[in-house]
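The next part holds the structures, each set out as structure tokens.
Each of the next two complexes has subunit A plus one more chain, namely subunit B in the first and subunit C in the second.
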Partner chain A sequence: MKLNDLVCQTSEWLKGTGPNSEMVMSSRVRLARNLTEIPFAHRARRDKQLAVMSLVRPAIESTKILKTSFFVDLSELNSLDRQFLLERHLISHELAEGKGVRGVVIGEREMVSIMVNEEDHLRIQCIQSGLQLMDAWRLIDRIESELDAKLKFAFSRNWGYLTACPTNAGTGMRASVMLHLPSLVLTKQIGKVLQAITKLGLVARGLYGEGTEPSGNYFQISNQVTLGQSEEEIIDNIERVIKQIIGHEENARKALLGKGKRQLEDRVFRAYGILKNVRVIDSNETINLLSALRLGVDLGLTKDVSRRTLNELFIITQPAHLQKLHGKTLTPGQRDMKRAELIREKLSGK
Partner chain B sequence: MKLNDLVCQTSEWLKGTGPNSEMVMSSRVRLARNLTEIPFAHRARRDKQLAVMSLVRPAIESTKILKTSFFVDLSELNSLDRQFLLERHLISHELAEGKGVRGVVIGEREMVSIMVNEEDHLRIQCIQSGLQLMDAWRLIDRIESELDAKLKFAFSRNWGYLTACPTNAGTGMRASVMLHLPSLVLTKQIGKVLQAITKLGLVARGLYGEGTEPSGNYFQISNQVTLGQSEEEIIDNIERVIKQIIGHEENARKALLGKGKRQLEDRVFRAYGILKNVRVIDSNETINLLSALRLGVDLGLTKDVSRRTLNELFIITQPAHLQKLHGKTLTPGQRDMKRAELIREKLSGK
Partner chain C sequence: MLCEICGKSQATVHYTEIINNESSETHLCEDCARKKGAMLKPHFPLADLLSGLIDFNLPLTLEDKGRGKCPQCGLTYSDFKKIGRLGCGQCYDTFKESLAPLLKRVHGSNEHVGKSSALAGKAMQEATLQLRELQERLQKAIQREEFEEAARLRDRIREIEKKTRKSAASE
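Presenting the complex of A and B:
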């Protein structure tokens, strides 16, 4: 398997199933680890970066779960391919735009990926469909245990696992959930909800994490604090809060289905009508229309489209994906046309 | 035949055929006539208004073309029915909102109608589909000759036919053409075109003539001057100018089909997609979307919809028509829903 094979593959986490998948797109856990006796990645010289790589790769490839993985050397990729991996949530901005020896190991169906020489020596991530943080954590925990048997991780009795940025120290864990909250946005309750979660030690971001604004009514909620709690406690806390948000979104949906049902249907079916007929469309409008249609699908207003198709469109209509699908670079104007073609094709059920 | 039978009938002029029907919706000629020795309608007392009616009705009903006509007494109509006739272009605002003895005689397939005691004692109108001003004029001329044999029309050797408003004196004729000029609007040439026609003695108005603003890219072009030229000269002049405007619109359409074809298709198919899926829609958006779709139909971008269906929707989605179709008064909110239902039904080809 290699990078280009991903183009025609649907990531496991996009299948649109799992608990609460009518609101939770995906659950993600990532763990930061660093090798002891080697400087942190941003302070390591090239020979040390190479040392990390040569220690880490065989260790990863000998774990049970990542036996069938493949490695992508970021320093060999052009910007289109880097963007492509970023759009798929397989790598971070930092890894994409970084310099030096760095890469990513990608597991089967993209459920697990491990970035090497990102901010930390290792960033192990697992994404699953729906609300499955605990499952994602257990999978990551198994991988980490296997790696721990082969590698020496920087660990302090006082601080826990040591990380390049102190805000990640302790567990080194960040757990996040991608929520689709269109009804809370429509009923203008979202501001209050986001304010409340901040007080509970959580943070809301956009589709691509830190530094991205929410769009298409998608909110990525994650833990702020990585220290002083066990991984299970952190996950329990997030899951509890997420379930409350889900409850609020459910109530907002019920309210919209009551008095405002026709208006809601109008919003959903206009979006559907446009998407099925569009000839030119940019990414931003695409995300917003897919959000409206997804709400309709989740509420059972239309059964013509699957959540999986919408999730897929959500990813493959992005600029780098479009260009990879067409095997060449496209201008923004060309992309807007190709994007429209792709949406029409997918929604016509071909 | 009576007023309510019109609800399910499509007016002859909406059939979407005739010369240049890809840009000309309809051609209309109206003639103002007054009876001699009776004051103009707005100065006539009730007994005189009744006198006009009792002279005029039998005369009209004995003409060949209006033998199968029916009479509607405006003073007996509620505001919904008056609005209904107005939306169908069978009566004017003035007749709808007037007081006193007044009515309209409606001929077969609504091709000819004669208002009695509007601004003038008689307003004879003929509407045809496409660019057929001369045909419309000939038909009206025949009716007028028949009436002239039975009624005494106020006529001056110096001024021609006398009318309540001096701007109508002479021929008493107003010829108008309803043009659909979306490409001149899109390419921002419409301002220049409208300026030019003013210099040629013509005037551009909205869908419902005097005092209405253009909407949905429809422009009603008519003669300003009724005096000093024969009817045929006036019509020749308008037709010549209309053909020039048609040429400009044709060129603009060709230009749009060139470089901007995908953008044009996008506009057309988005409109189509929305109209086929909409659940709530107001009149104004309806007209604009129908205009975009009509352009697509006229350019052969889609063959799923007939021009006749679009013309029909154009009329029956108006407030009074919706309420007549449903047999009861509807709030604006209810109308927006019923309008959406009607559009979906008509476009699904049922």
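Presenting the complex of A and C:
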């Protein structure tokens, strides 16, 4: 397997299945780990960065789950390929834009990926479809234990796993859930919900994590605290909060179906109509229309489209994906046309 | 209260920022708060706390107690304040006095309770076994009145005890 094979593959987490998948797109757990006695990537000289790579890669590639993985050397990639991996949530901004010796190991069906020499020596992540944080944690826990037997991680009894940024110290774990909350946005309750979240020690972000703006009514909710709570406690806390948010979104959906059903249908089918007939469209409009259509699918207003198709469109209509699919660079204007073409094709089921 | 940026919508997001010792309150509508969150540099970790819009007093003005450089990576505490990142695992020990209150403020805790590195457990076990063996040998040496040997063993025991205490406290 290599990078270009990913173009025609659908990631496991885009299946649109799993618990609460009518509102929860995906669950992600990531762990930060560093090798002891070697400076963190931003402070390590090239020889030390190489040392990290040569210690870590064989260890990763001999774990049970990552035996069939493949490695991508980020220092050899052009910006299009880096953007492509970013759009698939396989790497972070930091790794894409970084310098020096760095790479990512990608597991089967893109469920697990491990970034090497990002902010921390290792960033191990697992993404699954629907609300499955505990499952994702269990999988990642197994991988980490195998790695722990082979590598010496920087660890302190008081402060747990030591990370480049103290906001990650302790468990080094960030658990996050991607939620689709169109009805809370439509009924203008989202502000209150997000405010309540921060009081519970959680953070809401946009689609691509830190510093990105929420778009298409998607919100990524994750834990802020990593020290003083066990991994299970952190996950329990998030899941409890997520279930409450889901409850609010459900109520808002019911309310919209009651009083404003015609308006809601109008919104959904207008979006569907545009998407099926569009000739030129940018990614922002695409995301917003896909969100409206998804709400219609989740409410059973239309059965013509599957959630999986919508999830897929969500990823493949982004700039780097469009260009990879066409095998060449496209100007923004060309992309808007190719995007429209791709959407029409996918929605007509051909 | 109206949003301080657009002045049109109701402010629903409120938070406190501390910059250069001055605390200022900000009141924004949801849209502007989102935009502001997006404008913050994505990878500056303390700014990251802000983008979460947490009502939080940032410990940016923390007294630099841990003077000097990290022996392993050469980072100073003021480097850390500038870049928001530590240089290596050893930094945590070097700057522990400054980091302890910072971690406490960020996480509300100073005590790790999650998964432990197996290695840390193993090192502790090994030290315990070694101590037990040395203590037995010390007893025997005293019984045999081999005081020179006993003194040597006692020093080794003290050394190991000091090391494990230190590692239990910080590393």
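One rule holds for everything that comes next: the second predicted complex is superposed on the first by the 350 of 350 C-alpha atoms of A that agree within 3 Å, B and C clash if a C-alpha of one lies under 4 Å from a C-alpha of the other, contacts with A are read in each partner's own complex, and residues count from 1 in each chain.
FYI, a residue touches a chain if its C-beta (ideal position, glycine included) is under 8 Å from a C-beta of that chain, and two chains touch if they have at least 3 such contacts.
As the structure is a prediction and not an experimental result, all values here were calculated from the model.
Between subunit B and subunit C, the partner in contact with more residues of subunit A is C. Residue contacts after overlaying the shared chain place A:304 against neither subunit B nor subunit C. Using the contact criterion defined above for the overlaid structures, shared-chain residue A:228 touches subunit C, although it does not reach subunit B. Of the two partner chains, subunit C is the only one touched by A:40; subunit B is not. When both complexes are overlaid on chain A, the residue A:345 reaches neither subunit B nor subunit C.
In the superposition on chain A, A:276 contacts subunit B only, with no contact to subunit C. By the document's definition of touching, neither partner reaches A:73: not subunit B, not subunit C.
Annotation: subunit A has no residue touching subunit B in one complex and subunit C in the other. Interface residues of subunit A facing subunit C in the complex, by the touch rule stated above, are 34, 36-40, 42-43, 93-94, 119, 141, 144-145, 148-149, 152-167, 169-171, 173, 190-192, 194-195, 198, 203-206, 210-214, 224-231. Against subunit A, the residues of subunit B that register as touching in their complex are 262-263, 265-266, 269-270, 272-281, 337, 340.
Interface of subunit C with subunit A (complex): residues 12-13, 29-30, 34-35, 37-38, 40-43, 45-46, 48-49, 51-55, 72-73, 75, 83-90, 92-93, 99, 102-103, 106-120, 167-171.
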